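You will see two complexes here that share chain A, one where it goes with chain B and one where it goes with chain C.
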Partner chain A sequence: MSGGGPPRKRNFKIEAFKHRVELDPKYAERTWKVLEHAIHEIYNHNASGLSFEELYRSAYNMVLHKYGEKLYTGLQSTMTWRLKEISKSIEAAQGGLFLEELNAKWMDHNKALQMIRDILMYMDRTYVPTSHKTPVHELGLNLWRDHIIHYDMIHDRLLHTLLDIIHRERMGEVINRGLMRSITKMLMDLGPVVYQDDFEKPFLEVSASFYSGESQEFIECCDCGNYLKKAERRLNEEMERVSHYLDAGSDAKITSVVEKEMIANHMHRLVHMENSGLVNMLVDDKYEDLGRMYTLFRRVPDGLSTIRDMMTSYLRETGKQLVTDPERLKDPVEFVQCLLNEKDKHDKIIHVAFGNDKTFQNALNSSFEFFINLNNRSPEFISLYVDDKLRKGLKGATEEDVEAILDKVMMLFRYLQEKDVFEKYYKQHLAKRLLSSKTVSDDAERSMIVKLKTECGYQFTSKLEGMFTDMKTSQDTMRDFYAKKSEELGDGPTLDVHILTTGSWPTQPSPPCSLPPEILAVCEKFRAYYLGTHNGRRLTWQTNMGTADIKATFGKGQKHELNVSTYQMCILMLFNSADGLTYKDIEQGTEIPAVDLKRCLQSLACVKGKNVLRKEPMSKDISEDDTFYFNDKFTSKLVKVKIGTVVAQKESEPEKQETRQRVEEDRKPQIEAAIVRIMKSRRVLDHNSIVAEVTKQLQARFLPNPVIIKKRIESLIEREFLERDKADRKLYRYLA
Partner chain B sequence: MRRSSKKSSSSAPAGQTKAVSKEVERIDQLFYTYADSSSGMVDPEGIETLCSHLEVPHTDVRILMLAWKMGCEKQGYITLDEWRSGLKTLRADSISKLKKAFPEMVQEVTRPSNFQDFYPFAFRYCLTEDKKKCIEIPVACELLNLVLSLQFRPQVDKLMDYLKYQNDYKVINMDQWMGFLRFCNEIIFPSLDNYDPDQAWPLILDNFVEWLRANKN
Partner chain C sequence: MYFLASLLNRIIFSLVILRFLTSDFMMDLGLLPERDADMIMVEGTSQLCNDLLVDPQDVVMLVISWHMKAATMCEFTRQEFFDGLQSIGVDSIEKLREKLPSLRAEIKDDHKFREIYNFAFAWAREKGQKSLALETAIGMWRLLFDGRHWPLIDHWCQFLQVKHNKAISRDTWSQLLEFVKTIDPQLTNYDEEGAWPYLIDEFVEYLTENGCVQRRK
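Coming up: the complex of A and B.
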């Protein structure tokens, strides 16, 4: 520091030594030698004799005095030399010891590497980053990779050994999983790329060909169920293998190999397998097998759709056969029961085996919808089924049972395309039930109506409800009638009148027949009474729909009470004044229409156990030349004998044609109303759009035929509700 | 439809008036040679006579065209006003002039713009008191033949065959009638390649095409 003069202000500075502390190059060489020696000792398991502190300081000094590079390169070459020696010893290992040797040496190397890194920590933190060199630990791994794993002699042998062990385990041998774990972990530690390239990829390839072969073998000799069991087992095995001694990342890869080889490649063959494929499983309710198939196939693309498509085509085929089998169609109630059973069966399969999968449920629904509508008598038959149940089938059933059965029927109802046909039949059958008082439970009837209303709206059921109201009102009317007029009526026949509102009931109007005088008298009294209390109404007796209970005494004095139709009553009453009558006599006396007359006479004279009349000649059919006699010799074990013919039954061909015609007639105004509604709001529309809209509007009731729609449009054009657009004749225009 | 004006002739420049009124007089005179005295109209008999003078059969399409030109409302009858307006436009006041006017008249009617008017007129002309909206199949066939066969012979032939063969329809209405013309104008015949039944064609034509396609073999 210079003296003299006033002190000048200066920043206080500390300066480094002015002279370099030069490290003697010889000293560096000596220091390196110490470290080199230490490395060898570490590898020789002689680390205990070394002083960590001293070695650390040596390394530190080297780096400090700019000998970092020498240290690093020294480390590199020493380690490399070391590893080359190690590789020779591994290579020399025999057979099964190869892997163990490799593993042992790897353990050693790791331990050594750790110690070396600790010693060289200072270099790792200073020299290495600044010179962009690989850190010590990583260097150690890379060297191992390059000189051991990628050493030709070792590389192939390692891979072979690993794959061979895995193969043996697949074939049932027990192997050393711990050792495998260690090796694969080593590969992962060396870098995912090493694991993948040097092990995983070949492993997957070999596995693929293994499973390809095995699946081929299995499929030749196994049935579907057993094959699936084996496939499932192998799949689980592989997953277990991964969890025990492979890297977790291999899980998805190996499972997809198994899925592809064992499942995807054989999907079609499995599903179509004769005697054990999907169809057989469905038929035999093999829930476990089906469930297994579902879970396995779900893993592969298009797996589920393969099952679903097969199931759909099977259902459609079976369903189609069911609805077109003439034997089945003889008994409508049985027919519908079959349909319900099929539905139940498959519902259960979907629930138990397919996990309530919605897509399968949809496939089931669409199949049912397809084949139920193949038979155009389905609406009629379903109505007959309900009729049977409400008439007697549900006798004694609990409320829950009733609801369950009706709900199931509603499911079938939903599948119908021609709901308006169902409505027509339901009305007919309901009318018969109500009028003959043959319904098992009023609550059940009501419940059905409510369900139909919920499904189809108020319009569908308003007339049906009207029928119930009429029945109730009639009861009240009769009560009042007898209350007021009992003295006047005295001992005459007891009348029970049902007053039906025309329009609500599906009555086929027919002229009344000729009633016996006693009956006529009381009927007239009722008519007078009713019209007296109800102004402006008109009553017409529907003699084709009534019933009568009459007491008959036969030859030996046996008394029976006969329950007959009104027509039959008229016929029988004639025999009060004559023992024998010809067909013509009866026809004249009763004025019953020929078709009905023949049917009545048939049921009175030709049915065993109910033959209250005797016919000459004794042939089966009624001819206009026949003569009838009161059958004195009639016997029956029952006191009350039912001979009525008002039970709802399957329609005959001509009746069916008639009903269908009426349905078609009813559809015309509905289609027209829909067209007008649509055109009113849209004003101008092209043909296809009208057809689409109309179909959409009416589909809740029936599926309109596009040709019929066109006809209705033309009719509306003629009646000037619509016109064709003058500019573009493809369009229609609404005429206000 | 061209309606005859019910007003009497309007004023004309003085110099021409004489020539014009002479023409009108001749036209009127000609009318009365054919008209029935009691009804004051030309009746079917009168028309027949007219046709023989014109040397054209009364079933010829040109008579129909003449009716259109005159704006006749009732088939088989011509009123004075109708006669006047027709002959005036044709500039004919004698049978020979009328006859000479025919070729040009045919040309005029077959022009698409006029034909679009003539064609429905032909249909309406055939309607009667009791059949106010439709004409019977045999009549329709004849009419088609008359009116369309010159331009669309093959279509008309096939259509006539079909109409006689089918029994879905016993009469044809105006909508269907117009459909026939549209069909001939728009559809490639006999390939029928561009016919689409999902378009708004009358149902009778859908059936016709189906029948044609089925009978191609």
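Coming up: the complex of A and C.
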């Protein structure tokens, strides 16, 4: 634009047609009649004779000339009339043809609707939106819904037919799935609400009562495993049914119906079923059944916890019986092997059938922890089991086998609440193994120590390691001793000394007995040699822990080598200077304490095959009036006869009490140390918190009794480590 | 009974070194006027009781000892004796005698009773011991709780003789007072988590087992 000022008006304008095309109302009516006729023809399958273009233009003109409403209402009423006719023909269909007729008519209607919609497309796009009317296609569906589906005569019959077909298929008949598919698709097309209200809801209800009945029937006559198989089959069937001819949205719904009726409602009965329930499956290792139960029960709320709770109570009950059965407890090694077997068995079940489910693993662990600790001899027995394995059980085993077995034992160890009791016994048993050189493999021993150290820390195993060190050092010492002193010793008895550091080894104080002079001589030489190189130490002979190999010649010249304990050696050596000795003579000559003396004499004189001594009278027990004679007539098939062994075995009742007492005594300072540690850092703390903290600190070793903790606190108050707060008597203060 | 018994024991078994305070005052008391004496011991205490016209078992002796901050039963040092008389506010035996009722009444005062009670532990102890011998403790308790009416006193003493048979620690002694003051005789407000000494816990158990109280477990 050049210059300013408003744009200059142009001289020409574009105007609408000046001459109006008025539509004659009669023309409108005529046009409508044509269209109406076309609709009928379409429904009569005579569409081929129609000209699409003409019809389209007619419709277009009507709308253009503001006859849209007439067109629309005409369409409505025509279609309605049509559908009413259709409904009658459907209604008239007999039996099985009903559904087919309905389906066929539906197909027709859809085709017709499409054509009609195409013809009336202009109206659909202009008049319909502006007048807020339902679009043609939708209108067609709605009319179908209202006049066919919701038509009384058809509605119920349709539903019953569908449900009946499904029922027949459930009962094993083969049905026309394609037809079903078509019908359900029809319902979905009419709107999800139609599908749900007119089919799905009743379908679910009927299914629920069907499965309720069937499950009741099954459960009366089937065992648990078979029932679960049937339930699984039904579930799969339903899922398949949905995928074939129901709407996908029904999948979750019907599945949950089956789950509820067949599984959830009968969970407890199934699990508790006699002779075939969960317990039987566990006992008989029925992996497949268990797996099926797991997958099925996982689908329902509380399903898995039902299984888990039952399994837990079963384990606890069986476990409790196992650990309190006196028969089982006679052989500790067998007992522990049983425990290990049970653990293995259930581990496998959880692995194979329960998919390594962690919650089940935890339930297993807590059950084992529960019943293992019911028997307060469990720590001792587990130690005896390890002793047996390390002594002979693992002979010839590969390194892997050894590791596997020890790892399994460690699993049991972890369950123990009183780990300090285990430590005490392990020390005792290890000492016996080391001193009698009865260990199958040094590596295996070391491996066990390492595992204990990993589990419990350095302090737990430091003394045990000390024992190994002592053995090694003793070997070196003996080697040096013989290297330096061999000429001096000449032909005397060969000595093998184990020097034990007090504190590392289990204490068994006992006065030394009277050694035979030959032995005493060489012992003194050793003592002098040792103290010469280790100033300031004190050596005490532990005559109750040693062994001796002695050569004996009997009446007919048979020579045997006897492996005996040191005590027994002292006794036998006395018979070098006398053929017969009374009990009192022996007692005086050896100075062995009475209890041990009786035991030794028992094994020397009263055990068949080992009776190198003869006793008069020939009674079973040793009395102080007995006399003993060298048994000239002794025979044995073996050249080497083992008589005395220092083998680890289950403690007698009084021994057990003693050990238990020592453990309790050991615990007191540990509890006090924990209390002092806690109070030192917290300064002021109330009673319950102290008990909780102490328990937490010590739980790796044992479970402290709150009453004992209270007594220790009072003892510390007495010794002025703590005091009660002046204002609140439940608070304690640390006194620096 | 117990108090007297232990008093007699001391008369029989202890070495009685009679050394007395030298002063006119002491001469008034009629005690032997030996030179360089500075302790009243057993016999002297007995004499004192006579002059005051009180039974040596009388709890007022405890109150007087408390005022004197006496370290040990039946013994008074010169310092303790004079300071005590001063704190009581008297300077003659007659005046002390007159004061006796009011001294006895001090037991009734809650605050003073607590102090006297706690004082009694160390006072009744054997010299050099940390704990209080059971018999002495029982005697003291009977004496102290007689005027305060603790209904469970008999059960307590019986329980100790049957179940405990050992000396009493200081903590137990002082906590018992708390127990008497706060817990009602039917033990309805006894709390197991109440950090009571274990001896008191055992006492409660004993009472429950023997049906002396009904406890809701």
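Following the convention adopted for this analysis, the second predicted complex is superposed on the first by the 723 of 736 C-alpha atoms of A that agree within 3 Å, B and C clash if a C-alpha of one lies under 4 Å from a C-alpha of the other, contacts with A are read in each partner's own complex, and residues count from 1 in each chain.
The definition used in the following text is that a residue touches a chain if its C-beta (ideal position, glycine included) is under 8 Å from a C-beta of that chain, and two chains touch if they have at least 3 such contacts.
These numbers come from a predicted model, not from an experiment.
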Should chain B and chain C be called a clash or a fit once both complexes are overlaid on chain A?
clash
May I ask you to decide whether A:Lys642 touches chain B, chain C, both, or neither, giving the answer as first, second, both or neither?
neither
Residues of chain A touched: more by chain B or chain C?
B
Just checking: does A:Glu714 make contact with chain B only, chain C only, both, or neither of them? Give me first, second, both or neither.
both
Could you say whether A:His687 touches chain B, chain C, both of them, or neither, answering first, second, both or neither?
both
Interface residues of chain A shared between complexes with chain B and chain C
686-688, 707, 710-711, 714, 717-718, 724, 729-730
Listed in rising order, the residues of chain A that touch chain B in the complex are 686-688, 691, 706-707, 710-711, 713-714, 717-718, 724, 729-732
In the complex formed with chain C, which residues of chain A make contact?
686-688, 707, 710-711, 714, 717-718, 724, 729-730
For chain C, which residues are in contact with chain A within the complex?
130-131, 169-172, 175, 178, 193-195, 197-198, 201
Would you tell me which residues of chain B are touching chain A in their complex?
133, 173, 175-176, 178, 182, 198-200, 202-203, 206
